[in-house]
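Okay, so subunit A shows up in both of these, paired with subunit B first and subunit C after.
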Partner chain A sequence: MIEKWKKLKKYYPLLLILPAFIYVLVWVVYPTFLTLKFSLSEYTLGTPWSAAKFVGLANFKWVFFEDWEFVPSLITTLEFTVVQVVGGLFAGLGIALLLNRITKGRNLMMALFIIPIALMPSMVGLTWRLFYSYDGIVNFFIEPLFGKINWCSTTFALPAILITEFWQWTPFFVLVFFAALTSLPQEPYEAAKIDGASSWLTFKDITLPSLKRMILIVTILRSIEALRSFDIIYTLFGGGPGIATQTLSIHIQRTAFLGRMLGRGSALSLVLVLITLAIIIPMMWYFTRSRS
Partner chain B sequence: MKVKFGNVVIYVVLFFIMLFFLFPYFWMILSAFKTPVQTYAYPPVWIFTPTLKNFTSLLTDYNILFYLKNTLLVTIPTTLLALIIGLPAAYSFARFRFRFKEGLFASFLILQLFPSVSALIAFYFIAHSIGLYDTQLMLILAYLVWNVPLVIWLMRGFVEEASPEVEESAMVDGYSRLGAFFRVTLPSILPGLMVTSILVFITAWNEFTLAYFLTEVNAKTLPTMVGLFRTQTGTMWGMIFGLSFLSTLPVVILALAIRKHFVTGLTFGAIKK
Partner chain C sequence: MIPKIKIVTVLIIVVAVASIFYYAWPKAPGPGPVEYPESVLSWAENIRSKYGGTELTVVMITHPSTDAFKKMIPEFENLTGIKVNISEYDEVTYTDKLMVMLGEGTIPYDGFACAMELLPTLAMYPEFGYPEMIVPIDDFIADKSLTPEWFDFEDILPAYRDIMSYGGKTYGIMMAGETVMVMYRKDLFEKYDKEPPRTYDELLDLAKFFKEEVPEVEAGVSIRAETGFQNMWSWGNFLYGYGGGMIDPTTMTAEFNKKETVDSLKYFINLCEYGPVGILGYSFPEAWANFREGKSAMLVEASAACPGNEDPEQSVVAGKIGYAKFPTGPAGECAGVYGTGILIPAASEHKEAMWSLIVWLTSKYNSPKYLEYGGVANRVSDLEKKTYPYYETILKTVMEAGNTPLAKKMRAYYAIGPDFYPLWLSCATFMGQAQVGNITPEEACDEMQAAAETIIAKFVG
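Now for the complex of A and B:
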């Protein structure tokens, strides 16, 4: 009896994880299997699965060779991700460094920076739609500088989305970098001061290396979000005009639910998952390796 | 004197930065109290007599309380279930040593990074085939996929902060591990539990993609109301701003309530404050 109990106790840690593991696994593995099954079929939204036809790799052939929207959507997705991550890193770090140099009011400012992040992205997209209209508040502010811009045009729709996403997510970078900056040990800075090092050198040789971990973390987290970003793009311009702001997420939704082609949409879904993994896994691997 | 001047410059720069990040929200709130004509007047109207027409119309013509009820019926069970499923796993990762521990732990984050749009077609099919399309339960089941990993990642950190020695001494005193957990560890991780619940709640409250495509009439949540106000005759901006104001207010308050731990939450516990 005691033997049996001891044996069970050995599995105690795993038993505690089991419910979570099974739940998530079932809800990831089964949908992935379904998506794979659909991606090999011609399957139309609104028809029963029994009416679907097995077509082999035809949907993947379509994605890579026939779908003229795939490459532009992929480019838009990557452009979007790179701009979000790089822009967020520079602006976030810059603002955090500024905040770190003052004492009065910075707690208030850190609290206020939370607001944009907490807002419902779908509402942000929809309200900015009016802000970006020709007679909107954005044009009101930039008219004296550049004149009015037609934000809903092919040229400016993507920049408009980038600005809105930048607005919502840069505070995230600020919060992270500020938290990291305030927890840095002070001794190296005092030593650098005694040595008479310039502030640029202090930043380059002391601050930046100790922020490396944080930079990696926010790059990974923001890349994950940017690669799958949907809400703001959908509610702001819905991927349009034309396909000017169509990311892969939007392309999937349009193919599957507007075009009713669930098979092709599934093939695109798998491609998006693979692209996400191909970008994020190496980042994570590099991150865990640099920790040890 | 020179230092002082530098500070003034920093404050001025920060003032304009804060203006950029706060003005759109301020403008959204302001617009919620305007008449439809005022919302798109050019040049913009700054001073006006506030109207509550948008809110009363949302209540009576659009039955916003129905959407609010649905949102709460999804977010609250999601939060509770995510904790019930996730907390034991988080505890296990924090307290025990076993094989493949870190690999298993990392796999939860990898599962978390799946784009919800990629899961949409399969979820849509599953929802229809088990009769859960357009129900709150379907949204709860779907949200848990992303929120259980979030709970595990966050709560592991909070449990690790609570000392294992106190728990062990309670076990020496005759408590079972479960008893020791409830008597000793649970009270000390309550703040962490609070922060985690609020973050899960906010995530579920704000979720749009799945809610929009997995519901039609009965289970529609607040974020999906965005589809209601673009009609043949034009967009009802007054409603949209009223809705934006009402639906973001609770979340902004909750987020500010846990502001000290907000960074911890957003970085999956990678940053402790």
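Now for the complex of A and C:
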């Protein structure tokens, strides 16, 4: 009996991870497999599944050589990602550094900062859509300086989306950097102070190197999120006007659910995954290399 | 150990809250004592004798008409002994659900709501070798034991009957029909001595006038123009009146690069210039809100917008709105007619019982009750009563501009089958590019023509 129990006991860790494994299998592996299957098929949503016709790599050929919207959407996606990540890093770190200096009211300010990231992105998009209307609150404040702006124009639609995403996601950087800053050891700072180092030198030679790994982590996380960002872009201008704000995620949604071309939409999804991996893997490699 | 007093207190609170929920929860109104004519009673008795005890499951979209139907169902259940279960979803979720059901190859309900754009595709499924999805109801309509005289099929607006048909067979009964009209600020038109537009040119001139010369409004006309379903829907309302076309399903030829089609696109882009700033981001809610806020002099929109226009809680211009038939284009009168109907799936095992429910819910006899409960008017006799200021215009538009050969050609476009949607998206995107000036209307139409010809080749092949 005891021998039997000892034999079973070695499977105990497997049992513990079984629920997570089943979850990943059902919600990640199987949908990925289905996406791959549809990406190799010609299938119109709304027709029987059996009508899906195997077409090999035809959908991928369409993506790279026939889809005139692919390159503009990719460029918009990359512009969006770079601005969000770089802007978020600078603003997030700057605000975190300022917060770190405050002693009174710091907790209240942190609580206020959490509000934007706690909101549903689609609700943020709908709310800011009202803000950006011609008689909206944004134009109310900027009219004395610049006059009213048509935010739903090809010139200003993308900046409008960038501002909104920036408003929602910068607190994420602030939270992470602030947590990292408060956990840094104080001795190097004391030593630097004794040596008469300036604030800039202290930041450059002590703070920044200490935060290097955290910067990499948030860059990776935010890049993944920005590359597949959908909610705010969709609810603000739906990818328009024209295709001025159409990112790859919007293009996928339009192709698969508006155009009902599930095969092509699936192929686009997989291409986006590959692009994301192509950007993230070098970062991860650098991260693991810097750890060792 | 939890003190007894705390347990008792919690129990009291739970019982109190449960009681509040039970007594205050809104209940469907009971049928109450009603006197029915002999014809209704004999029909009900016949249905009960054949189908009493049956249980129907119907899936519907969230809509005022569905709300009205739910209030009418208890009477039907009492009269016929047929139990009815309604599953209701918002339009977006409903569409997703419908797509999954169609993927499975069956609609496992006894009845379902279906938009007119999808009906021809579903009716055509056997032609593509797909399973039959919906059944024609002509035999039910002709069967006097199932369809009494007080149903009055002919009283339903002809165009609404038309869009619930395909290939000469009727598949559904309209539950929420609508057409497109011009809604205008009667007060401003009177002040500036203007008449409502009768032609496309007059609409454009009026839009320009009100935008440029009238300080009370910011825009001449509010209209949907967002890339996607919205801009194509709006343009489509003008396209056929210009003499243009998309795909003629009878000849399977694309007409996107016809001169008239290009001209209609140019006209629509021109019209949008007299719209509100940011119009390229306008879908139905934005276009409608802009007019109801008093910012535009006119609104080109589906008649579903009319009730909200006249509700003082939703509209600052309630009571100041005139309704005009959709204007005549260079090629003639043509007004879009749209709507959602109730259809019977082929998979239903209770088709006759389901038909009896449809008869009850959409009959002429029950129409006053249906309208009182907030349903959308679909019958000539209801619209002729002119209960609301827009009824007369809806009737005129659907009976006249919605019944012309051009209007019928416009509706026939949806009969190109499942490829309707990919083509629609493709056209919407090129149209959006023309709207922002990245390409000319001619180039946009050329691209649409090429996309259409690709689909036609596949269809014919």
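Everything that follows uses one rule, which is that the second predicted complex is superposed on the first by the 288 of 292 C-alpha atoms of A that agree within 3 Å, B and C clash if a C-alpha of one lies under 4 Å from a C-alpha of the other, contacts with A are read in each partner's own complex, and residues count from 1 in each chain.
FYI, a contact is a pair of C-beta atoms (placed from the backbone, for glycine too) under 8 Å apart; a residue touches a chain by one contact, two chains touch by 3 or more.
The model shown is predicted, which means the values in this text are computed figures rather than measured ones.
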| item | value |
| --- | --- |
| Clash or fit, subunit B versus subunit C on superposed subunit A | clash |
| Subunit B versus subunit C as contact partner of A:Phe54, first or second or both or neither | neither |
| Partner chain in contact with A:Trp151 - subunit B first, subunit C second, else both or neither | second |
| Which superposed partner A:Ser133 touches (first subunit B, second subunit C, both, neither) | both |
| Touched partner set for A:Gly239, first subunit B, second subunit C, both or neither | second |
| Residue contacts with subunit A in the superposition, subunit B compared against subunit C | B |
| Touched partner set for A:Phe38, first subunit B, second subunit C, both or neither | first |
| First (subunit B), second (subunit C), both or neither touched by A:Tyr286 | neither |
| Partner chain in contact with A:Phe64 - subunit B first, subunit C second, else both or neither | neither |
| Partner chain(s) touched by A:Arg260 [first = subunit B, second = subunit C, both, neither] | second |
| Subunit B and subunit C contact sites that coincide on subunit A, given as residue numbers | 49, 129, 133, 135 |
| Residues of subunit C defined as touching subunit A within the complex | 98-99, 102-105, 118, 121, 128, 130-131, 218, 226-229, 276-281, 283, 295, 418-419, 421-422, 424-426, 428-429, 432-433, 435-436, 438 |
| Interface residues, subunit B side, partner subunit A - complex | 7, 10-11, 13-14, 17-18, 20-22, 24-25, 27-28, 31, 39-44, 85-86, 88-89, 91-93, 95-98, 104, 106, 108-111, 113-123, 125-126, 141-142, 144-145, 148-149, 152, 177, 202, 205-206, 208-209, 212-213, 222-224, 226, 235, 237, 240-241, 243-244, 247-248, 251-252, 254-256, 259, 262-263, 266-268, 270-271, 273 |
| Residue ranges of subunit A touching subunit B (in the complex, touch as defined) | 12-14, 16-17, 19-21, 23-25, 27-28, 30-32, 34-35, 38, 49, 95, 98-99, 101-102, 109-123, 125-131, 133, 135-137, 140, 167, 170-172, 175-176, 179-180, 183, 214, 217-218, 221, 224, 227-228, 230-231, 234-235, 249, 252-253, 256-257, 262, 265-266, 269-270, 272-273, 276-277, 280-281, 284, 288 |
| Residues of subunit A touching subunit C in the complex | 44-51, 69, 129, 132-135, 148, 150-154, 157, 237-244, 254-255, 258-261 |
